[in-house]
Amino acid sequence: MSTIAPSTRVELDYTGSERLTMNMGPQHPSAHGVFRAILTLEGEQVVGIDAVIGYLHRCHEKLAETLTYAQYPSIASKTDYVAAMTSEFAYVRAAAMIGKIEVPKRAQYLRVIAAELQRVASHLLWLGTWCLDMGGALGGGATVFLYCIREREFILDLFESLVGARLLYGFYQVGGVRYDLPPGWAEQCRETVDFIDRRIGEYERMLEDNPFFLVRTQGVGVISRELAQGVGISGPLVRGSGVNYDIRRTEPYSSYEDFDFRVPVETGGDCYARYRVRMVEFRESLKIVRQALDRLPEGPISSRPGLKSVAQIRIPKGEAYARVEGARGEVGCYLIADGSAKPYRMKWRGASFSNLAILPHIIPGHKVADVVAIMGSVDPVFGEVDR
Amino acid sequence: MSDVQTAADVRALRDAAPRARTDVPVIIRAILGAMRVTLRNLFRKPVTVHYPDKQRAYPDRYRGLLALVYDKETGEEACIGCRLCEYVCPPAVIKVEMLKGEKRNYAKTFTLELYACEFCELCVQVCPTDAIVMMKSFDLSTTDRRELLLDKDKLHAIGRQFEQSWATGNRLRDMQGPPKQARAVEHKEAAGV
Amino acid sequence: MTLDQARTLIAERFPGAQAAGDSPMVVTVPADVWVPFARFAKETLGCWFFSFLTAVDWKEEGLEVVAKIDNVDEKLSLLVKTRLGPGVSACPSLTGVYRGADWMERECYDMFGIRFEGHPDLRRILLGDDWEGHPLLKSYPVDAPHPPFR
Amino acid sequence: MMEWLTPLIVPFIVLNAILGIVTYVTLLERKFAARMQSRVGPYRVGPHGLLQPIADAIKLMMKEDVVPTAADRPVYNLAPIVFLIPCMLIFATIPFAPGLGVADLNIGILFFLAVSAMEIVGLFMAGWGSNNKYALLSAMRAVNQVISYDLPFIFAALVPVLLAGSLRLSEIAVAQAGLWFVFYPVIGQLAFVAFIVSTVAAENRAPFDILEAESELVAGFRVEYSGMKFAIIQLGEYAHVVGASFLGALLFLGAWAGPGPEWLGPVWFLVKAMFVFLLVTWVRWSFVRIRVDQILALSWKALLPATLVLLIATAVVVVWRGTPGV
């Protein structure tokens, strides 16, 4: 959290008009959390940006060193609170990799179902807030936002009847999952999935060819392929720039190789390309959920006995880096175990942190109004940026 | 390529990005299509739940307010003060003191700082006697923070006041873990069936 | 580029480096070839994806800087490490090779106090400028208040 | 005997009626938007939220009036008034029924257009006086936008003038006795669409609400206003929208013409004006906002030439048919 705004680090062609330093955030309607962007403006054009983060810093990495393998997964949800399932997933995967703990097939499928539903829920929130950024709380953006929230509720209802909570789940545990499906859940899930599939068509009708939407997104915030590769962004951002990189494909985990799905790649690199990528991902995630429900095997949901005490899970000395494809990209957990019940060191590789680092590269040269559109298309979650 | 994109780069990239068709019929159709969607939603039923007037149905596994319960058969406090929940609680909001008894132990004090609780259900999970459970209750807000510091009496009172959720320690442990059948048999034997 | 090819190439070009494991391949290099190795990994091994950079505090044995880089297309995954040695807190910066190292090194400086030489803008990123100490060092206690105590 | 009182009483009645309508128009919009978004909207104050506007007014009156230290105080304090006056004045020339109106000027529509463009002064004063960067940017945008959209707005409004052959609003209304101008072949519909679009833009409503633009400029020019001053700005804004809706109903939808006895005329007029208002609202809640440069481009490159051509075409048609009027 830096309080010094360095002189604009980016010199663009100077038009001769007086420069204006404008502070956007940390409390700003479209800051997506607590994010401060110090913009240097020439008229309406942004010529420099300094991104200030850290307002939500809780030092998760230190926290993880003080909590055992049994305790931390439910805290891990708090890094990326919009897609809480994925961060838990990365942590338990890392722990299981060091301990060489097998995960039963049913647990793997349940993990996939939860992760994909979470991706849909997260993308719904992204679409809503992004349109809110572009359309305003007093305009069409709010309409799309409320539609998306309305549909997201159905997924949260599913999570609620599965684990009992709507935001921070604690569904994953080392060696499996904590909860089995309640009776009737699979049917309810199928209905929800079909319903959301229909409603996504509605959003597309509202946005797809809409000239107002197109002029705001096409050619805005272009990330070239080279830039995308240089900065290390991942997820829908890098796929929108023509790089075919999806961990579910390049390094299948948790039985993702069993499922048939398409990894969308767009070459435009602009906000519209990222929108297209995510819209396809919606459908593909729903497809994966359907397949997983169809083929869900019987069996135990965890390879380890149920938790009875805090230090029950001990993991031998070693280190591992586990990554999962979260809604925002590569969510990774680098874990060093020293043989005790607590990790020696843990590093979160938050997808939003790396994705947000692209902002200073692409925002200069755009108008003020584009800043929020670009930021929305990056889809940062500040719990994950600041950790 | 230089370190950052310059304005000229931005302009070039903007112009190079693919454009959608700009035919007038397409535009008109898209605009009318968007307005049709909003019009269609105008006649849908609102999804609002009038919260304090109408309670929504809580699912069976709802993780809400925490409570202590009495043993159903003997009517005694189920908590034996073993402090397992205190150790497992990630934000460390539970404090228990044990009172040694003749036949069994009790919790001398049991405090729960609900304002810091994160409802992860780990305390329920580890409880060997199913004493701490979660309730189907959502209304936790209060005007005084001190009211959220729950002691043993308050926790028992909450246990009587609300409906209990499905999860208890034994149920959770039964659901997880690989040797499911074997352990189920064990429990039956222990219960004398 | 298979794993074996990569391993041979690394052994040829960097005799001081030790490579072990395969997914990810853990490569330990001396600190003085930290940047040349990264450049080699990016240009020769094709590891363009810069996943993260962090450090580990091994108490008396000093700090260790860890970076994860990937060749996504050929599924080559490297975990590059370098030991700085006891008491040393300076490390060459990777920003000249990977643009994504910018924020990662700032975070690492913020949390461990490692000065990355050659970084264009090494400031604290997550904590305030007036923060004292570097929280992820093992010598930094968790449960004591730290100045500036706010 | 009491004739000297009439010029006082009639404006008083009209002003209060307008205030009442404007206040409840906010409720109408909120309910309408809420239903469009699957919500119920205001619900708690009174049955189905019917007393919500009154509660809002009371709340805003009770609120602390904060003036930023660095604000240009006279400008800051004056701005809401300067903004409100033109917004209320536009109702002066609107005849609500034959002979019922404050002043039926022979240049009525000209007066309307001239006065409604005056609001920009208040807007700019508010943005400048607040001494806030968001407000300043918003004020700059406002000047840009209002100037560029007043022209298409005027051209679109002049089409019915040409068709009716009069600048007097009551005569334009009477001229539609046979055929509402919105049903005039081709020209009528095009002019109506252009009118709606430029109304949306000139009233700064989404998708053209770049000066409010709360996603980047928080609340635009009124970001520093609170309490009653905020209420006045809000009132002025809604009064302007309602005024433009009345104008739209008058120019295109035959004003007070409708079935039933003659005294129902004002009711019909109100219903039509609300129809125009809801149309504008419907557009507002259906689209995302576009950027300032795109808004200007749309105005100068598309809407302005189009309305100009339309106006010329109307003139040609009128000359060709020999007589003005339908």
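As written, the chain order gives the labels A, B, C and D, with residue 1 at the start of each chain.
As a working rule, a residue touches a chain if its C-beta (ideal position, glycine included) is under 8 Å from a C-beta of that chain, and two chains touch if they have at least 3 such contacts.
Quick caveat: nothing in here was measured; it's all calculated off a predicted structure.
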item	value
Set of chains adjacent to chain A and to chain C	none
Result of counting contacting C-beta pairs for A-D and A-B, higher pair	A-B
Central subunit by CA centre of mass proxy	A
Chain located farthest away, centre of chain B as origin (C-alpha)	D
Computed distance of Cα centres, chain C from chain B, in Å	38
Inter-centroid spacing, chain B versus chain A (mean Cα positions, whole Å)	21
Averaged-CA centre spacing for the pair chain D and chain A, given as whole angstrom	43
Approximate Å spacing (C-alpha centroids) for the pair chain B, chain D	49
Sequence positions of chain B contacting 2 or more other chains	31, 34, 37-38, 41, 47
Touching two or more other chains - residues of chain D	36-39, 285-287
Multi-partner residues of chain A (each touching 2 or more other chains)	9, 140, 143, 147, 150, 206-207, 210, 227, 361
Complete list of chain pairs which touch one another	A-B, A-C, A-D, B-D
Residue numbers on chain A that touch chain B, as the complex places them	9-10, 12-13, 45, 47, 67, 70-72, 74-75, 78, 104, 140, 143, 147, 150, 153, 157, 160-165, 168, 170, 173, 176, 178-180, 182, 202, 205-211, 214, 218-220, 222, 224, 226-227, 268-270, 272, 300-310, 360-362, 364-366
Chain D residues touching chain B - in the complex, by the definition given at the top	32, 34-40, 43, 282-283, 285-287
Contacting residues of chain D [partner chain A, same complex]	33, 36-39, 133-134, 137, 141, 205-207, 209-210, 212-218, 284-294
Complex contacts: residues of chain B adjacent to chain A	1, 4-11, 13-22, 26-27, 29-31, 33-34, 36-38, 41, 47, 59-63, 84, 87-88, 90, 118-122, 125-126, 128, 134, 165, 167, 172-180
Touch list for chain B against partner chain D, complex	31, 34-35, 37-39, 41-42, 44-48, 50
